[in-house]
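The structure under discussion is supplied below as structure tokens; questions concerning it will follow.
Letters A, B, C, D and E name the chains as they come in the text, with residue numbers starting at 1 for each one.
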Amino acid sequence: MHSENQKHDFEPKIIAFVCTWCTYAGADLAGTSRMQYPSNVRVLKFPCTGRIDPVFILKAFQQGADGVLVSGCHPGDCHYIAGNFHARRRFAAFRKLLEFIGVDLGRLAFSWVSAAEGGKWVEVVTDLTEKVRAMGPMVEFKDLALEEQWSGVINTPELQEAYDAI
Amino acid sequence: MPLTSQPIDTSIYATITAAIRSEASRLFTAAEVVAIIGYAAARRVGSAQPVIITDAAAAETLIFTEACVNNLAVYLTKAKKEIPKKGKIGIIVKGCDLKALVGLMGESQLKREDLYLIGIPCAGVLASAVQPATTLTTETIASKCCECDVHLPLGCDFVPSVTLPPGPQMESRYSEEIARLEALTPAERWAYWKEQFAKCIKCYACRQICPFCFCEQCLCDRNKPQMVETTPRPAGNTAWHIVRAMHLAGRCAGCAECERVCPMDIPLNLLNRKMAKELKELYDYEAGFEINDKGPLTMFTEKDDQSFIK
Amino acid sequence: MSRIGVFICHCGENISRTVDVERVAEEVGRLPGVAFSTDYKYMCSDPGQTLVKKAIQEQKLSHVVVAACSPRMHEKTFRKAVEAAGLNPFLCEMANIREHCSWVHENREEATVKAIDIVGMMVERVKKNRILPTITVPVTKRALVIGGGIAGIQAALDIADCGHEVILVEREPSIGGHMAQLSETFPTLDCSQCIMTPKMVDVANHPKIKLYTYSEIELVEGYIGNFQVTIKKKARSVDEDKCTGCGVCMTKCPQKKIPNKFDQNIGMRTAIYVPFPQAVPNTPVIDRDNCTWFKTGKCGVCQKVCGPGAIDFEQQDTLIVEAVGAIVVSTGFDLYTIAEKPKGSPIKGYGEFGHGKIPDVIDGMTFERLASASGPTGGKILRPSDGKEPKQIVFIQCVGSRAREKGISYCSKVCCMYTAKHTMLYHHKVHDGQAYVFFMDARTPGKSYDEFWRRSIEEEEAVYIRGMVSRLYQKGDKIVVMGSDISVGVQVEIEADMVVLATAIQPQKGADALAQKLGISYDKYHFYSEAHAKLRPVECATAGIYLAGACQGPKDIPETVSQASAAAAKVMTLFSRDQMEREPIVARVREAGCVGCFACKKVCAYGAVEEKEIRDRQGNLIKIVAYVNPGVCAGCGTCQATCPSKSVELDGYTDEQIIAMIEAL
Amino acid sequence: MKKLLDYSYYPGCSLHASASEYDLSTRELFKALGIGLTEVPDWFCCGATPAHNVDELLSLSLCAKNLELADKVEGDMAVACASCFSRLKTAQHVLGVSDVKRKQVEKAIDAPVKLDSNVKHLLEILAKDLGLERLAAAVNKPLSGLKVACYYGCLLTRPADVPNLDCAEAPTIMEKVIEAVGAETVAWTHRLECCGANFTLSRPGVVIQLTNAVLESAKAAGADCIMVGCPLCHGNLDIRQKEIEGVYNTSYGLPVFYLTQLIGISVGLGADKLGLDAMMVNPMPLLKEKGLL
Amino acid sequence: MQKYITQQNLNTLIDTLIASGTRVVAPRMSAGIPLYEPLDSSVEMVTDQLPRRSAKEAFFPVCEEIMSYEKEGQQIKLTDIDPARFPETVLVGVRPCDAAAIPVLDAVFSWDYKDEFFLERRRKTTVIGLACTTADDACFCTAVGLSPAETRGSDLFLIPLNGGGFACQSYSEKGEALISNNSALFSEPNNAAPLPLAAPQADKIDLKKVKSWLDGHFEDTLWDGIAVRCVGCGACAFVCPACHCFDIVDEGTEKAGKRRKSWDACGFWKFTHHASGHNPRDLQPKRYRNRIMHKFKYYDDKFGQTLCTGCGRCVRVCPVGIDIAAIVEEISKK
């Protein structure tokens, strides 16, 4: 489905936090159906979206992710009955906070993907990858990680490269 | 267009101070309470500081002035192990302080029956105690008081019977500032907060003064795993303040102590009030009005908004 | 430093076709903490597993990462192998480089780089894995069977015959389900009542089976081995102990003209009724919507004539809580109707067949009732409109089924066979009657099925027309069926006396509501989802809940019965040991950090969090902390994400493991 | 009368030739109802049925060009003839689905294809845009007592997801419109059966047989007349009725009206403004008998 | 040597230093509050307010990296920070209470372990003190034996003169070198009268008496009375020019990361929290007592100096209004 993936100059790093009962199984289904989609996404398996802590999203961005996807069971389908309902409220609040701090919400996608929706998984991942590719790398957290308090700065050139290298 | 600075009538504070003192000594003589947490004058002219008194004699030291800015609820939480938690404790509470107490009762930290609440009809307090000897005007008043909706705390055991003089009309600084920030582009907001958070030196005054930060060991003090960087670098500071705002979402009642005590003047309460505003819009929830056992982020309904989920 | 063993699978060439497995093994081998890294053609095969076991012993490995297919496929396999080699199974993790990598990324370089990332991530994770001893949980050796059709009856009998108590809950007044409505059953044409009634009586008389009919499941709590199920026993208005089943009340009841759902509303019944003569239990039920007493307070004839005084108008619905260890769901099916569907419904009706408004256009089950000896017409095939004997009947196949534009794309599996049966029954009862069957394909895969189908053509002279019907309409007292015969390439018009539609099989109404009570998943048609389509067809993903019969998908009686016995066998394995071992993925509280705000308790949907007092030696209270009951905790981890100080931790998904994974990317 | 709505009007070839009475009655009716119609500037043939049998690209390009021309006139596109309506809608559907065909057509007409412009049949405009209440309000001579058999033919509602005028199998839009102006409708079986359409030239025998079934069913249902929305159906049902009566030696005597003619009568337009004289089966006796003329 | 410099020349001095690549740190407004920060140009300097954080930051940074590690395969590569790379700095407009604290810190950082991170920065920094003209009731430098014109710790000390310009006096070779290198900007002292210095806010406290009381009163009800109010934050320690405790923590991922040294405070619960869970100073009074003891007793026992210069910052920032001046005064009366 995905035309031969021409070499782009910027390959966004996408991290996906998914629940194992629905979205992970949906991604498996996309696999068994041999659907093709961009390889930028890295999937972390959780028992339930209820287990996904906002700090993980923050940590993902700090570790250089350009886009984060959180996906789980449709409301009512949760294997643990209410995990995704709690997650829904938690992320409704957290994205408002991130937005207020200045993070572009285009980089943070939420979705419901059931075990039968391999196609929807491919669609959600491809949409986010292409959207983030268009937005370019997420510089906010990357630059922030290099900043120091003025007193701690040692402004010699060699060290600057050392900083850039990590 | 900032209004011209008008004075705020705090004449009732004198009568309140007298009423508190007599009530305190009555309580001690009647042995209804083991201790009372209140305010007393400090060395610097016009300043006040929290004080814990345990006998009638000390009752005379109690005062209430515009410098009594502290939220005394922090002394009742489990984090403050120094205060004996045996028997009934009296506490002087302004409206904003009471909202914090109500939140703590909802989180099984306090029981209403263990407290004797002395409510203060409050006309407003100073923005900060750095220059205590200043009169209370629409300039020097704390931002929280401009938008205060609990001038008269409800459900207290004793409230000095004074009539609150009608205060001057004040623009709500927080909602305007939040609106101003919301109108900015994400990049501008990021730059604004980055500059503010860069000032943070991780002195944790905002955490230690907050009645809702009663964890035994804060998430940000742990390093296995290191969820948040502990050193005061801009990256670590940003993560810390995001986690703090998220942990207080739906609990913080806006006593704005965190903002007052920040030695670097970082407008921290903006974050909490923004979250309070969002949770009001999303789930019609306002913290601190009644003791409900479940906050907005520990409950759900079938029909919660999910317009942001594909 | 940990000594990790990494095993990269080729999976034949499913993985190695797009992922350079040697390069992955070599690069991952250089990661800190990895002591052994190799690749092999079939890791899940016996030699593959032996390779792992040998490596653990020889290289003294502390952890194992197998990079192959989805953990949902072989995590258990490899954890068993690792356990056999003496390593705690939870020190073994799987890296999914097939479904999530090699199968979905053609570009070899990209797929390989991604595979290295995924395996590297799992290596960092496994370093933080801790030894998790399996949890043993007491098993309540009683089973619950929901749905009293042939599937439920068979499962209940099998389990009860092994000496375990069974609670059988049936929504209708009697067990029997849809099979009881059938006249004769293919391929042997033996009458369904004759083969089923003995089993129904066995259920009623079985000492180990507690039967709740006219009852529904209200609430299901707990988990495998320890379910608490609340059953709502709807009021029958008849006291089951006193009633002898003499039936006098039914003969005397003045309300005689109530359409009987059992007879597809063709036959009539009284207000106090049993659905069919051989009903088990043979205790009548008062239909409170149509009973004069409940509507106006008058009549009460049944109470007057009842000898043993069993009629009790004041009887109320009662709630009963039963503790069970396993649940078999056998709620069966409903037939699709061609009526107009509400706006926005994913399924559409058949306007071209008159939306079910033409009386002589009936569905297969109605024909069964016409053909059934205990049916409303005593077995004679008569037209519902005027009671005449139809001389020409047109059978139309695949009505709803295999019709994507109508919203149902699957084949309902049994219609070809029962339509052939219908043509035979029709030919036996109306010798000069002519049956026409419009069909696309004849699907007769079972034992002696095709012979049965050929007989309906060769001996019973049914005319099979390969083609679909485009439209039918009432013309006078005839029904003009306009179809096409694609093998001859002509339009066909038949003036029929009656039309029988082989409508699609769908799950019972309310199947999704019951699934949400049970916490099991279902597909977009509301058929219940099995744990694995091929390898675990009778189990749900939710441990302790098993599936049997049409609720899991359209199937015929032989298949249903074999599924019922399979589900019973699964229950037997669960009950074979007093203690059941449970996945140790449960939450634990670090009491040092807990301040007793109980946010965890508020978000726990299973009520697994309890309050626990901590006292010093002198007995005075230090603090109250949360405590997670390992038996009840299902392992969703919502508590940990909610706890501000992360004092509660879900084993297997600790923050350390997750942060290690995020940092490894 | 203030112009309520404005449309670009695509009459189609038949309405300028054999079905001129449909064109006349449409213009007059819309003028009476205050609905603005501006003919699409130098429109040309939509290719109708023959075109897409021969060369699909030609058929799609013809329709795409007409859509582009119509775009110059402000307002949605009103279409009277069922065949033009069906072709235009099919073109929009096919070009929306297949990029390859869209590129070919865009090369052919060397202009972008207008996929989003609204193409509406008169029925839709009367029933949905104008609305049945306003239509009923405009009636000054209700067609009470007149039993009408509404005949949809094949192209108005099929294939199911292309014209989306109404439900493909059990449409009711015609009945609703004509009942709004006071007529009675009959339930009959051949509302959606084909009349033989353009076989009328190449294989008239087929038309005789199919059209007879339609007329027979309408007569059996007790209809006084038949209402159509397509010049081709009108042609077969009206012009061939006499011949069919001869072949099957029966008599139907069912006048075949265009929907705009019947509605025209109900809003008080005279026979001259509705082209009633152009019908082979003379409608005058029926109309007089019902007191409508 | 005595010299005179006009305000204009001081600005040019700063600008020439900046142009030459030297880092000039002086109080300036940053995000709404006065802080010692590197200047981009002399116009930014603000001398009328006491900066929120002390000047110790130039030598003892809020947070600095002292080493980094990286894992390649099974080995770990460590890279040290070479102190030689600390930038040349000139500290301008330092208040006497900040400047006086610097020699106090020298003592502890060059004690049994030579902390090169501190000492190298000390060697590379020239301190230009400025006499204090504004004070509020929180200041109590006079109580601890200092004064608004205290020159201790300054290499060069400026006293603002009536009619503009500053009288400057060098007190070290670095000061002299600064004058000689930029002699054009300095002129001979004129005899204009100095502007009135800030009025002393508190009278002298006998620190010796305080120390002797503290020697014998490790256990005393005084501590409970004061410290029960303290909520255990680190504000007082972090803004204090004299406090010098720090924490070392490794931050980063399994693959690579940095070892960082950053400020710590004895007020924190986790400051003395042992891995076993035991905490010798578990209650707040014990922790607050340590603050007073360290400042007025332990440091005197070891280095004969008082670890407090009376700048009053801790009094201003304390969330619960604990006032160290009042405490010391109370002790001096006991």
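The rule is short, and it goes like this: contacts are C-beta pairs under 8 Å (C-beta built on N, C-alpha and C of every residue); 3 or more make two chains touch, one makes a residue touch a chain.
Since the structure is predicted, the reported quantities are computational estimates derived from the model, not experimental observations.
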Next item on the list: State which chains count as neighbours of chain A and simultaneously of chain E.
Entry: B, C
Check: Quick one: which chains contact chain B and chain C both?
Finding: A, E
Checklist line | Chain groups still in contact once chain A is set aside, others held in place | finding: one piece
Checklist line | Central chain of the complex, centres being mean CA coordinates | finding: A
Notebook entry, point to check: Going by the average position of its CA atoms, which chain sits the greatest distance from chain D?
Noted result: E
Check: In whole angstrom, how far does the Cα centroid of chain C sit from the Cα centroid of chain D?
Finding: 51
Notebook entry, point to check: How many angstrom between the C-alpha centroids of chain E and chain C?
Noted result: 73
Notebook entry, point to check: Measuring from the mean C-alpha position of chain A to the mean C-alpha position of chain B, what distance in angstrom results?
Noted result: 36
Note to self: Quick check on chain C: which residues sit in contact with 2+ other chains?
What the structure shows: 592, 603, 642, 655, 659-660, 663
Notebook entry, point to check: Which chain D residues sit where two or more other chains touch them?
Noted result: none
Next item on the list: Any chance you could list the residues of chain B touching two or more other chains?
Entry: 198, 217, 219, 226-227, 232-233, 297-299
Item checked: All touching chain pairs, where touch follows the definition stated at the start -> A-B, A-C, A-E, B-C, B-E, C-D, C-E
Checklist line | For the chain E and chain C complex, residues of the former touching the latter | finding: 71, 73-74, 253-255, 277
Checklist line | Complex contact set, residues of chain C against chain D | finding: 340, 350-352, 355, 405, 471, 473-475, 480
Checklist line | Residue numbers on chain B that touch chain C, as the complex places them | finding: 78, 107-109, 214-219, 222, 224-227, 247, 293-294, 297-299
Notebook entry, point to check: Which residues of chain E touch chain B in the complex?
Noted result: 30-33, 35, 52-53, 62-63, 136-138, 224, 227-229, 231-235, 237-239, 247, 249-251, 260, 262-263, 265, 268, 270, 282-285, 315-317, 319-323, 325-326
Margin query: So in the complex, the part of chain C that touches chain A is made up of which residues?
Written below: 70-72, 96, 98-101, 103-107, 110-111, 113-114, 117-118, 121, 512, 516, 519, 521-524, 529, 541-542, 585, 603, 605-606, 634-638, 640-642, 650, 653, 655, 658-659, 661-663, 665
